[in-house]
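See the structures that follow.
In the two complexes below, chain A is the common chain; its partner is chain B in one and chain C in the other.
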Partner chain A sequence: MVKRILAIVFILIIGFWMAKALDQVPFGQDRMLVGKYYLEHVKEETGAVNAVTAVVVNYRGFDTLGEVTVLFIASTGVAALLWRKKRKRTAKTEGSVVLTTGARLLLPFIMLFGVYIFIHGHLTPGGGFPGGATIATAFLFLYLAFTVYEVDHKIFEPLEGLAGVGYVTVGLIGLAIGGYFLFDWIWQTWGIGKENIGRLLSAGFIPIIYTLIGIKVGTELTGIVDNMIKEPEEGGQ
Partner chain B sequence: MIEVYLILIALAVVLSMYRFFRGPTTADRIVAVDIMTTLTTGLMVLFALYYRRAIFLDVALVYAVLAFLGVITFARYMEGGL
Partner chain C sequence: MSQYASLLIALPLFGAFFIPILKRISKSAVMPFLVLVTLIQTGIAAWVFNEVYITGKPIIIMAGGFRPPIGINLYIGHFAALFVLVIAVTSLLMTIFSFKAVSVEPKDKYAMLFLLLMLGATGMISTGDIFNLFVFMEITAISAYALTAYNKTGEASEAALKYIVLGGIGSSFFLVGVALIYGSLGTLNMAHIAQLAHLVNPTVAKAGLALLIFGLAVEAEQFPLNAWAPDAYQEAPHPVTAMFSAFVVKASLYAMGRVIYILSAVEGWSSILRLLIILGTLTVIIGEMSALRQNNVKRMFAYSSIAQVGLIAVGLALGTESGVSASVFHMFNHAIVKALMFLAVGYVAVELGGTEINKFEGLGKRMPVSAFAITVGAISIIGIPLFNVFWSKVQLILAALNAQYTWMVALILGASLVEATYYIRLIHTIWFKGEGEKVKESSVLALVMLLLVALIIVIGIYPEPFWNVMQKAGSDIFNVAQYIKNVPLMGVSP
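== the complex of A and B ==
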């Protein structure tokens, strides 16, 4: 009881302290310095209508590379922690007919929607990470509905690696053409799609990178689900 | 007019929160979460109307898919299908 009261008092003190600090920050006022630059120059500099994806992929592409690396390390870490030679699914209860039929019918729609999100990253909200998560959701649906389902590891893990290598390759091509890593070579030197800003074929390399990130995130999250859902066989190592 | 609907749906979310906190069984809580996610999807659509931005509907679609999968996951766990 004393411990709990102490904890509550401590949290209240921290909360008061942070509120005091936030009191100095002017919310809702026009105090943007970098943000204003992004909003004013995003169209002619990147060709993207969605300013968030332009910042994430184009202006601050290096951070996105770090995020993708973090996800890759998470996936590899889960796989390394749960590594056993013989592992298989131990689910006993079959999914009901409604669930399995629903999974069969809904799967293409969820997949298509995920692909839609990451292809239209420069036009609509979302991008590679939500799109990839939606694709992983489709595979999670398969895992939930069928007790024996398992993804094809011969295809999935190479695809994950290839997508990551593709992202770095796009950055390296930018380094070769423009002089720095993740230089937007399609937009700034070739100028493809200058006329149709706001349409699908615009925004330089943002759709390409987001397609790669979408594939990578989708396969990685599916791999994490696959690793966590399987257990070692009885008696076997 | 839309504001009235927004307040009504927010009220419905608060009311279903009562079932979530008090619900005696786990199934009650899962159903409460299901209701809350469905209501929140409706809330997102209404907000898209309120701000007159059609692109917010994408968010509602993603949320509908994810909420559905979340409830399915809990249900499968409770019947031992994981």
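== the complex of A and C ==
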């Protein structure tokens, strides 16, 4: 009881202190130093209509590469910690017919929508991360509805690596062509799609990178689900 | 040409992403591939080091070709060039050790996490953007969590869980701090923040800085937030422990120093320094006191490492150029010594099956080279003349005197005295107790150990050229005006 009261008092003090600091940050006023630049130059510099994706992939692409890596570490870490020689699904009860049929029917729609999200990253809200998560949801559906379903690891793991290698390679091509790592060579050097702003084939390498991120995130989240849902077999170490 | 230094980031990433593909082709190629990648990384780091120290100018890498503060820039100045090299060399040595020390499957996952730990620390040290610092800190931290639990024993899982909870809280503090600073300035670039620092409201700046420091303190093992460290050091695979102590902590300490000094124009800045001095002092005292009563040698070294890190933090918080330089020198020396000691202890544990102190009885007769390496490391850490740490401790004392912190001399000397107590006890156990069969030591590892021993003694005898390098690296952190001038900011102003 004393512990709880002390904790509450302590949290209130911290909260008060942070509120006092927040009070000094002007809210709703124009404090957009860098932000204004992004909004004014986003179209001619990146070709993207969606300013958020332009910031995430072009201006601050380095951070996105880092975030992709963080997710990669999470999936690798889970796989390393749950690794056993023989592991199998141990689900006992088969789902009802409504569930399995529903999952089967919905699967292509979810997949298609996930792909739609990451391909249209430069035009509509979303992008690689939500698109990839949507695709992983489709696989989660299969795992939950069927007792024996398992993804093919021979394809999934290399695909995940390949998408990551692809991202770094796109960056390295930028280094070779434009002189900077992660330089948008498709837009700034080749000028492909300059008259096409606002349509699907525009915005330089954003659609390419978002496709790679979508594949990567989709396979990674699926891999995490797959690792967590399996249990070591009796007798297997 | 200098943009090619971005390979420092691109190469380990490429290597880590390539491993799942390589595994399909040939499983036995994974560990040699790890050595190859770290070897190339060392080559690039050596080239960058050479470039920076010959021209005297930092390498500014602009990711995506956008000028800062619009894009993210990496700033490889004197400090970053030096420590990127330290990171790469330590990683290379530890990959060699990994062949022997890591027998738990799956090795391909170990190789990926190893590369990404190296990448995260490299990124933290070279980034010039405060949010990018957060991203790299997460990369470092999350691969560290996974590597801590890698041995899959109950203790390892517990250690990793402690680490992950504390680390998660620390990271969210850091993120709130970044949000506060962005909210009041509207920019994330460190040079730009430094340029506009006088405009920040002092309350916001103080709260933001305190949050950033508390966030980094988890990784930097400062007092109230370092409870994870001894457990994690003890339970992580041996090469990983050496990497934690040699550079993961150093990267966070550097980040602390950097964020503090870029905001040095802020009103009430000295109270933040005082906060860090208090944290550092407590870290030293508690680290040394806990090391004194350990029976597990690896855990003892872990506490000793924490205490040294406390000294480095105190030096960073003195607020003078000589203090920062002395800290950098201590970071460098400590990285060498602790890499050597954790390597030797880990090797003993691999051969004899444990790190309890009774396993070390008669080690001088059983494994003479490892015993010799531990002894040299221990003598060096105590701060005996003719060994490298002596010079950095002398510099720390001089800096403390210059900054009018006379009591800090007592702290540093007292810490050395306590260190002497437990290290001499260990040396005594190694050389003068017990008998044993001779164990055949691996010649490659013996060579690595002797190489590090030689480095320790060379720095101990000729500290001058190294101290010159450290002073340049220190002024890289301290001299903010020069830092701002070096970054080609484009004219976005309020």
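The rule is short, and it goes like this: the second predicted complex is superposed on the first by the 237 of 237 C-alpha atoms of A that agree within 3 Å, B and C clash if a C-alpha of one lies under 4 Å from a C-alpha of the other, contacts with A are read in each partner's own complex, and residues count from 1 in each chain.
Here, a residue touches a chain if its C-beta (ideal position, glycine included) is under 8 Å from a C-beta of that chain, and two chains touch if they have at least 3 such contacts.
The structure displayed is predicted, hence computed values, not measured ones.
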item: Which of chain B and chain C A:Tyr59 touches, first, second, both or neither; value: second
item: Which superposed partner A:Thr93 touches (first chain B, second chain C, both, neither); value: first
item: Partner chain(s) touched by A:Leu81 [first = chain B, second = chain C, both, neither]; value: second
item: Partner chain in contact with A:Phe72 - chain B first, chain C second, else both or neither; value: second
item: Greater residue coverage of chain A in the superposed arrangement, chain B or chain C; value: C
item: Which superposed partner A:Lys20 touches (first chain B, second chain C, both, neither); value: second
item: First, second, both or neither for A:Gly126, with chain B first and chain C second; value: first
item: First (chain B), second (chain C), both or neither touched by A:Lys154; value: second
item: Touched partner set for A:Val34, first chain B, second chain C, both or neither; value: second
item: Residues of chain A defined as touching chain C within the complex; value: 17-18, 20-22, 24-26, 31-35, 37-38, 45, 58-63, 65-67, 69-70, 72-74, 76-77, 79-81, 83, 85, 154, 157-158, 160-162, 164-165, 167-169, 171-172, 174-175, 178-184, 188
item: Complex interface listing, chain B residues touching chain A; value: 55-56, 58-59, 61-62, 65-66, 69, 72-73, 76, 79-82
item: Contact footprint of chain B on chain A as seen in their complex; value: 91-95, 99, 110, 113, 117, 124-126, 130, 133-134, 137, 140-141, 144, 147, 229
item: Sites on chain C touched by chain A in the complex; value: 3-4, 6, 9-10, 13-14, 16-21, 23-24, 61-66, 69-72, 105-106, 109-110, 112-113, 116, 119, 123, 129, 131-132, 135-136, 138-139, 142-143, 145-146, 149-150, 152, 157, 176, 180, 183-189, 192, 201, 203-204, 206-208, 492-494
